[in-house]
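Down below are the structures I want you to see.
There are two complexes below, and they share chain A, which is joined by chain B in the first and by chain C in the second.
Our next item is the complex of A and B:
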């Protein structure tokens, strides 16, 4: 029997510590670094949403940019063209937009394609969305939509002013921590467990009377809405929605985060996103160096340390403990992949 | 009207053959090693940049034969890189899940893109085709750049050459044997590892030559790999993963759909082959040459 309550407390604590660490950033760093940290916070949840699909449902998506971009553009359109719509509704619309795209494409893609085909199909769809954005005047074509204002959330009794970058930064990290915990709860709910069962053995789960494709579609739509939500939250922060955020290189970002951090761990994408942000920042003066570093790291992860950074840490710790206890080295080392959702 | 149809077909053929040049190596690797190689786009790009350096190093506007020699040299360089990639990466991907090997090749693509940025910088570069190919021909009243005709010819020749190589030569037949059943081939005493290596080098060399051939008239930028890669992916998948004939037919089909689509809806270039790809995959997920696997 797994003690979910204890696990929940542990993970809540991890999220809380992360939140605290991010909250300190504006006090110790300049506004440029704070901006970067805000993007990293968004990327963490973007990565988590992708890993929900990959480690959760076993679906490799190369098209998450279409959700991220969809949410971002929905938010941009709402705030520029319909300023009377409250900000929170705009966020919800953004997430819904991603969910809708996911539903539409999921129905088509999941019926036939699987594995590599599914990956390439999502890539093609996402490129379709990107091209449509660059050719649509309403969405600003190649120039994107600029001049998006940060909101003031009116709660009737009092209002929260998010117009400064710092206050919006705090809004981002709090919301992202909440969404991350929500995702954790979903992955450890009966529905989340069921989706993982499908990944582990599709045929057997189908024999239990589970409608496999409906659950895969559910995971796809949920993942798409969360990714879109991330896009929607980002737009007022950067104050621009440009077509690049729907380009396929954005789709590969959550893949990088997840694999670098460790796909088998719930917080893997978070570790990866922070690492990626650090590498990007550290190599910002040398064009191309960050791609090479990330590429080589990613290759190393796939070829040598399949558990990612967290897998490496765990193995180290186990080894150290074994050395301390002096027990036999024949004990199985569990691979990170089987422990999804811890 | 007739004029428009002629021009549209011509444009479709140009798209198809340029894409086929890239897709040929991609489908070969998939057919033999069952790896969908994202990095193909990266090595295609490296081929283009190497040939750019060779051409500008020799003084820009070159005679046709030197341009072809340059393309072969670029192919050689990229083929050698393929050797390194096989030894360092592909050989280790045999027992890795599909999803992970796809991601590994994407990592390679990143490395390629980064290397190109480090060596050649971010600026757009470009050269004109050799003078012999830098004119136009009128067939009827359809306007045809000779360089485009040259690319179409290259695509057709590459296809015929590959078909002959795979079906007629001993090496080609060995490759087919390994593709069909590597385990059995091993039992029969074939050096499967060597066949894999040869396939990879050959496929990479093709990527390099394709990059060099297509380089004039392109603006070279580190994003170049991605554009052709997506088209080539589409062609390989529509053709039925691993089939050269399928890739050729798939290229023609998607090229014509794309150019007719763009003719009727000129405000949306680049989406019709994607739409067609999605529809074809839904109706026939195994591709148009699905059953007849490999080469």
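Our next item is the complex of A and C:
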């Protein structure tokens, strides 16, 4: 039996525990570490948005930087050129910018390509977006846009001051936890299940009267919007939007998070993003060796633990359970009854 | 006077997988409400013919008309929404969602105003009632096949194409499936084209039989005519 309510409660608890852990950071760490933790929180949802497309819809994207960068630049432009626009509208515009890029690209690419060809097209299109940014004076060319202020959200009755790094950090972790849970709810909604059905068997799902491309495009736009939202949230935190955030290396990040954590698990990219952030932090002083260390570690994890860390944990748990059952048949019988009862 | 227009009309149908010419000059009709068995050995072209009717897989040349409309250029999902629904072989249902959700997915095939109510569907397949919340991977092969057929019916099709619905099932499950199909025919205005190798099952549920061999139709008639020529069975169905 599948008990979706119990699953929701479990995942809500996971999100809550994660939020609590991140909330402690400002009390136990310096501002530099808090800054990194804020970026990790953003990366978690960035990774989840990519995995929504990969494990959800079965579409491989090598170009998620175009959404992330698109959202970041949209937010930066709104913040610097249209300061009268409320911050929340700026975030919505950032997400909409990513959604629009995904829609335009998806309409072209999903008609013409699938599999690895689709992935290569996303990479090419992402590079196009990156080059456009570096050549556009309005977007600051190679210098990017700097001096983005953190906002004060005016809610009429009261206002929320996010101008300090710490207050904005709390804003980030709360918003990211909410978006992560919204993503979980979407994946477990009828629409989310339909998209997963397409990944499992595209032709068979078409036999059910489903317009496969329309639903793949829906997943692509949703994934792009969320990635762009992450970029839009990040910009006031870092106070700069530079072309590097739309560079192809940014596109590799959610892929690495997902492979590290485990693509088959909803929270896989979250585990990967936290681990990646930790490794990155631990190797930051190794001049010139940081990337090599990160690369070797990633290679080792991907080659030795194909299901990611969560996959490894699951296998270990199964093995431990089997061993426990083998050593105590009476206990095994009891456990079986309990499971059946649930 | 009742209309004699067939619901499905196939003329000069040829289907190819790469350079292999699988279906050759097939012509067949299925009337509204009729149940036709498509019999043939493994590799005779039954599944390819079924998929060709939906333009799903092989390269297809020829005319497929459904309810008088030429289906050329119409994609799979739109053919399905017109009421031409295929339940393909090997019954793959979605393993990580419940039986109820698997069946609900079939609702996408429904035409406006022709949705079948869930209660009605579960009345047709009472065996599924206690399994509604069970995950797809927790079902037996027979249960999975019944879910696949129920899902096909969810969109209230006008012609249901069943590709080997009892392949690999235990005799008692085959009997259940035959009973289900008989009940469906009694309660729904539905035509069926069933690709099968199980002769006794096909005989129990269908009105007419078509034999296919090496991609060609070699016999099209009623069961009396089929029985009158024992060589048909010997030549085209014996292993």
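Going forward, the second predicted complex is superposed on the first by the 312 of 342 C-alpha atoms of A that agree within 3 Å, B and C clash if a C-alpha of one lies under 4 Å from a C-alpha of the other, contacts with A are read in each partner's own complex, and residues count from 1 in each chain.
Here is the rule we use: a contact is a pair of C-beta atoms (placed from the backbone, for glycine too) under 8 Å apart; a residue touches a chain by one contact, two chains touch by 3 or more.
Just so we're clear, the structure is a prediction, and the values are computed from it rather than from any experiment.
Student: Given the touch rule stated above, what does A:42 touch, chain B (first), chain C (second), both, or neither?
Tutor: Neither: A:42 stays clear of chain B and chain C.
Student: Which chain, chain B or chain C, is in touch with more residues of chain A?
Tutor: If we count touched residues of chain A for both partners, the winner is B.
Student: Which partner chains sit in contact with A:2 here, chain B, chain C, both or neither? Use first/second/both/neither.
Tutor: second
Student: Touch test for A:133: chain B only (first), chain C only (second), both, or neither?
Tutor: After superposing on A, A:133 lies clear of both chain B and chain C.
Student: When the two structures are overlaid on chain A, which partner does A:172 contact: first (chain B), second (chain C), both, or neither?
Tutor: Neither partner.
Student: May I ask you to decide whether A:209 touches chain B, chain C, both, or neither, giving the answer as first, second, both or neither?
Tutor: So A:209 only meets chain C here.
Student: Let me test your reading of the model: by the given contact rule, A:190 touches which partner, first (chain B), second (chain C), both or neither?
Tutor: second
Student: Using the superposition on chain A described above, determine whether A:291 touches chain B (first), chain C (second), both, or neither.
Tutor: Only chain B; A:291 stays clear of chain C.
Student: Quick one: classify A:252 as touching chain B (first), chain C (second), both or neither.
Tutor: In the superposed model, A:252 contacts chain B only, not chain C.
Student: In the superposed arrangement, which partner chain does A:120 touch: chain B (first), chain C (second), both, or neither?
Tutor: In the superposition, A:120 touches chain B alone.
Student: What part of chain A is shared between its chain B contacts and its chain C contacts?
Tutor: Looking at chain A, the two contact sets are disjoint.
Student: Using the touch definition from the top, list the residues of chain C that touch chain A in their complex.
Tutor: Touching chain A from chain C are residues 54, 56-57, 75-77, 80-81, 85-88, 92, 94-98, 101, 104-106, 108-110, 133-135, 151, 155.
Student: Applying the document's contact rule, which stretches of chain A touch chain B when the two form their complex?
Tutor: On the chain A side, the touching residues are 54, 60, 108, 111-113, 115-117, 119-121, 123-125, 127-128, 131-132, 135, 248-249, 252, 255, 259, 286-296, 298-299, 302-303, 306.
Student: Using the touch rule from the top, collect the residues of chain A that touch chain C in their complex.
Tutor: 1-3, 190, 193-194, 196-197, 200-201, 203-212
Student: Give the list of chain B residues in touch with chain A in this complex.
Tutor: Residues 36, 89, 92-93, 96, 98-104, 106-111, 113-118, 121-122, 222, 226, 230, 233-234, 237, 267-268, 270-271, 274-275, 277-278, 281-282, 285.
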